[in-house]
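Same chain, two partners: chain A is paired with chain B first, then with chain C.
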Partner chain A sequence: MEATAAARAVRRVSTGTLARAFFRSLFLQAAWNPRGMQNVGFADAIAPALEELYPDPAERAKAAARHLEFFNCHPYLAAAILGGAIRLEERVAAGEAPPESVSRFKTTLGPPFAALGDGFFWLALRPVAALAAAVTEPFLGLGCVLVFLGLYNAVHLPVRVWLFATGYSRGEGVVDAVARAHFASGTPLLKACGALLAGALVARSLLEAGLPHRPFHVLLVASTIVVAYAFLPGLGVTRVTYIAALLGLALGARFF
Partner chain B sequence: MLRLFGLAALAALAGGVASVERKGALQLMLSRPIVLAPLMGWLLGDVEGGLMLGVPLELLFLGGVNLGGSLPDNETLLAAALTSMVIPAGMAAGTGVDAPLAALGLTLLFPLALYGRRLERASEARNQQLLDAALARAAQGDAAAARVNLRGLLLPFSSRRFLPGCGASARQGHSRPSRGRGTPSGPWGRRAPCAPSATSAPPPSRQSPPRRSSPSS
Partner chain C sequence: MKESAGVALVRVDNRLVHGQVLEAWLPALGAHGILVADDEAAGNVLARSAMALAIPPKVSFQVVRVDAAAELLKPGGKGPQAARTLLLLRDVRDAVALHEQGVPMPKLNLGNIHFRAGRKQVAPSVFLGGDELAALERLASEGTEVEVRAVPGEPALPLAEIKQRFRV
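Take a look at the complex of A and B:
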């Protein structure tokens, strides 16, 4: 076994196969299920690479079965893990590394990358893009849809490709590359931008809804928030804001 | 009448594609309300009205994120259903989409966001059958076992395009939603007690059109 393993050179996966794997990774969550989460999608995405690396059908099936283990990550950052896993599989196929190293790589990096991606993409980038679109909507009209899609995908798509490429070229070194990629430092900055945009949006809507003709309504809505929060602390800020927003909507619709 | 069914089919198709794009594929955010509502508005003939619905909906669901195994309320289903009901209603009323109509539609349809989450939960539970199929094939030495992955897209597509479709046709006041499109098939009705089909409760055997068979059978 040792002799044959040493005799095999490390086989590289071709660029076309990498592209196929990346394309399939866009469908990572198609069969998301509570037991294995993204495992079916991941196994499907890595299948083209396995096909090239393991010419022997029995070995290939064994490798494919390995990738049906539990896997969960952020759908975008999973691209980095996919790229790294392909690099590791090259070594496993050449006999340089044990098959468990791939599993270990996936289970170790999944949760931290998921946290990074959730914070950056879901909780910062998307709200900011949506708020920017909402703020520009009065000026751009339908163009605001393009603002949303443009802002979001101008970051999302290059990052996804970069993650996959870096994962493949660095293997286990992808951790350092991602750590230096300003995900963690960019998140608070984006969130601050989001807060700013949200404030601008609220101010504009309030001005538009109340001030020209009915300043008292704005005052009423604002004082509802303050009074309810002061006297009914059990209600919580979110509910108070919603109640006040409902009141504002009712006033705005001229029900009374 | 033909135009009506054409509209319903278009709305249904857009809703189905969006429900797939939402989580299963790509995730380019084409299924967010701010994109989906103007798009469906364009399909139904009032793109400005769609935008008017889409922007506030997007802000309402700004914080709805899918973290790990937790699911947010399904703003895609709500946006699709709301657009496909309010826009034809506005056209029928001759006013276009205005604030009272939009508010009324939102009040009536908001439970769909919660119902959509249940649907999603149910289809995820159903995906376990795909996992079992993949595991069984892998155990037999099939290296392409994970190809069942894409079949996971069929169920959200077929189940969630139904609602916008019946919305567009029902609001025109010509046809009943149950005609021609069928109601959600058996398991859906039973899993989700707030499903429209569960309230009327026809015999389950009559209820499943043959083309909406489960993807894993």
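Take a look at the complex of A and C:
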């Protein structure tokens, strides 16, 4: 029964405070600086929780100071670390864990979570959402911007809430939870979708450029890609495609 | 000086495994392995499992203590798992330790070294202390080419330039 007694002694922050901390985490990078990077943003986000956990101003100042140490992560994945840090602060405030455990948790998880976030959000989800929106442009016109915002936020906001909640409820166990979410293996799949969409978009653009009065331009651009790649393999596919696309654009703009 | 067998680049990066390393350096080097030589990470299960999370499939990944890394990478040692491996170190002193234990180091890349009291900024992401700069100069005098470069696409900042910026 002793364990339950100890667990009861840990003071939990209220749901309202958690919500405020999460809301503040949306501004994590607002005071980004080269020396501490996201430190000010993190300290600001966790401030409501510290206020509740440390009624004594001196103790609270000490806690705030440890969150002004260097911190950097992906701004979305940082939600998991913020949730976990609040859970750890509860234990520190109850005297169950040493204060260094919070700093160690943050510095340990920051960089690897940043890598996951960079790969998944910046290099996969964002281009895919943008490309998907671009594909709908002929049907929706400017409305395609809403497609982008809808697709992107439909994934990004729930994921951020989930990360924060999981971080808070699982503490260090958040690593296992994130591992089971398969970010790292989902990323290549999403990137492949992006490549497919980019291909569709280029094909459509080329067809569009070739019609209605210049039917040969498509053929010219397409054959430039094939011929240049066949005779100058050193150029590489990417460069050849760019050269052909520039040629297509120049023709489309009637430069010659 | 020949590089240690299997090591594509030695990089000092306080953040060890993170986005710049995985998304920029691995493809640029054509590397398919990462070896982290760090005492703290080697002794910390949470750090190891969190780093392993971010490693893409098909990239081999090892975390060992600095001494163990020296044993692997010394001439005649077993070498890293992958034939082209990126070696990540947390601090300049780890590079010095490896070099002193006989690991060949033709090139040393400084990626991210965060601010700490006593360190001065020499590049957007690199802060160095006077002792660290002296250690780098010693490495350079023994044939290591030292550069500051966060990502492969940006120009390398040579040691001469780093020294100049440090004195300002």
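For this structure, a couple of remarks:
The rule is simple: the second predicted complex is superposed on the first by the 216 of 256 C-alpha atoms of A that agree within 3 Å, B and C clash if a C-alpha of one lies under 4 Å from a C-alpha of the other, contacts with A are read in each partner's own complex, and residues count from 1 in each chain.
To be clear about the criterion, a contact is a pair of C-beta atoms (placed from the backbone, for glycine too) under 8 Å apart; a residue touches a chain by one contact, two chains touch by 3 or more.
No experiment lies behind these values; they were computed from the predicted model shown.
Look at chain A after the overlay: chain B and chain C fit there side by side. In the superposition on chain A, contact is made by A:G36 with both chain B and chain C. Once the two complexes are overlaid on the shared chain, A:T108 sits against chain C while remaining clear of chain B. Contacts of A:L249 after superposition: chain B is touched, whereas chain C is not reached.
Looking at the shared chain after the overlay, A:S185 reaches chain C, while chain B stays out of its contact range. Taking the C-alpha centre of chain A as the apex, the lines running to the C-alpha centres of chain B and chain C meet at 100 degrees, rounded to a multiple of 10. Between chain B and chain C, it is B that contacts the larger number of residues in chain A. Of the two partner chains placed by the overlay, chain B and chain C both lie in contact with A:L123. In the superposition on chain A, contact of A:P48 is made with neither chain B nor chain C. Once the two complexes are overlaid on the shared chain, A:G84 sits clear of chain B and of chain C alike.
By the document's definition of touching, neither partner reaches A:G171: not chain B, not chain C.
The least CA distance from chain B to chain C in the superposed model is 7 Å.
Overlap of the chain B and chain C contact sets on chain A: residues 34-36, 72, 114, 118, 122-123. Of all residues in chain B, those touching chain A in their complex are 23-30, 32, 34-35, 38, 47-48, 51, 54-55, 58-59, 62-63, 65-69, 99-100, 103, 124-125, 127-128, 130-131, 134-135, 138-139, 141-153. Per the touch definition, chain C reaches chain A in the complex via residues 15-19, 21-23, 44, 46-47, 49-51, 53-57, 114-115, 121, 124-125.
For chain A in complex with chain B, the touching residues are 24, 26-27, 29-37, 39-44, 47, 50-51, 54, 57-58, 60-61, 63-65, 67-68, 72, 75-76, 114, 118, 122-123, 126-127, 129-131, 133-134, 137, 141-142, 144-145, 148-149, 152-153, 156-157, 201, 249, 252-253.
Contacts from chain A toward chain C in the complex involve residues 34-36, 70, 72, 74, 105, 108-119, 122-123, 172, 175-176, 178-179, 183-185, 187-188.
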